[in-house]
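Worksheet: one structure, shown below.
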C-alpha cells in the first residue's frame, strides 16, 4: 500500500466528478478523430489540429487535478511529515526530472 | 472546399492506419482513467500520471502525422505553389503563433 | 510589500547560488548564439538547435527553483495560512491557467 | 561540410537580424535575473516567472527561425533532392523523436 493510500490522500469528490465529465468528452473527441481517420481523403493538418485539441483538453484536466492535489495534500505535507515523497513525486509528474 | 482537399493532400494510408491503431489504444487508456476515477480512494498523482501518459501517446501520434505531412506535402509546396498556406497552417498547428 | 516578502519566503542560499552559476553559463550560451548569427552562412537548424538547448538549460534552472519552493514554502502553506495565494501563484507559473 | 553548407541553405538576412536583436534583449533579461539572484531576499516564484518569461522570448525567436527555414528550405526540399535529411533534422529539432 502506498503512502498516499495509507494516509487517505484522495482526490476530492467534486474534482473527481469534474475530471470524469471532461474525460468522457475527451473520449468522444478521440472517437471523432478515429472516424475522421477512416476517411481516405483526410488532410494531415486537420488530424493534427484535432490531436492537439485533445492534448489541450487533457492538460485542463491535469490542471484541475493538480490544483486539487496542491490544495489538499501538498500544502499540508509538513504537518503530515511526508515532504520528501510529496515533493519528489510532484517534480516527476511535472516532468522536472 | 479547402486548398488541401482540392489538391488531394491526403494522409498516406499506412500512417493513417498506424494512427488509428494508436488512437484506439489511447481511447482504451482514457476509459481506464475513467474507471480509475470511479474509485473514491483514487490518489491525485496516480490520476495525473495517467493523464500525462495519454498526452505522451497523443504526441507520438502527432509526430507520425507531422512527419508524413512534411514528407508528402510540405517539401513539395514550392512545386505545387501553395507555400504561404502550407507554412502558416503548419506554424499554427505547431503553436508558433 | 508582497505576502512573500512579509513572510520571509526566500529562495534558499545554495539553490540561489546554483541557479546563478547555471544562468551565467546560459548567458554565455546566448552570447554564443549571437556570434553564430553574425555569420551570413549560418544554417537555420543549427541556430534552432542552440535556442532549444538554452530552453532546456533554463527549464533545469526552473526545476531547481521549483523544487526549492515546494520544499521550503508550499508544503508549509497550511501552517502559515496562505494556501490560496501559494496555490494560485504556483498554478499560474506552471501555466495551468 | 554539412549538406546545409554545401547547398547554401542560409538563414535569410532580415530574420537573422531580427533574431539577433531579440537575443540581445534576452541576454539583458538573463543578466537581470542574475542581479535578482544576488538579493538574499528574492522570492522563488518571482525568479521562476522571469525564467519562464525568458523561455517564452526564446520560443518566439525559435518560431521566427523556424518559419524562415520552412519558407526558404523545407518547401523546396523535393526540388533540391534532400527530403530525408531535411525532414529528419526538423523532426528532431521539434522534439518529435
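Some notes on this structure:
Order of writing sets the chain letters: A, B, C and D. Residues in each chain are counted from 1.
In this text, a residue touches a chain if its C-beta (ideal position, glycine included) is under 8 Å from a C-beta of that chain, and two chains touch if they have at least 3 such contacts.
Keep in mind that this is a model prediction, so the values were computed, not measured.
Each step here moves to a touching chain, and the least such steps from chain A to chain D number 2. In this assembly, the C-alpha centroid of chain C lies 18 Å from the C-alpha centroid of chain D. With each centre defined as the average position of its C-alpha atoms, the distance from chain B to chain D rounds to 24 Å.
Averaged C-alpha coordinates put the centre of chain B at 30 Å from the centre of chain C. Shared interface positions of chain C, defined as residues touching 2 or more other chains, are 59, 62, 66, 90. If you sketch which chains touch which, the chains form one closed loop in which each chain touches exactly two neighbours.
A list of each chain pair in contact follows: A-B, A-C, B-D, C-D.
Against chain B, the residues of chain A that register as touching in their complex are 2, 4-5, 8-11, 13, 16, 19-20, 23-24, 26-27, 30-31, 33-34, 37-38, 40-49, 51-52, 54-55, 58-59, 61-62, 65-66, 68-69, 72-73, 89-90, 93, 95. Across the complex, chain C is touched by residues 59, 62-63, 66-67, 70-71, 74-79, 83, 86-87, 90-91, 94, 96-97 of chain A.
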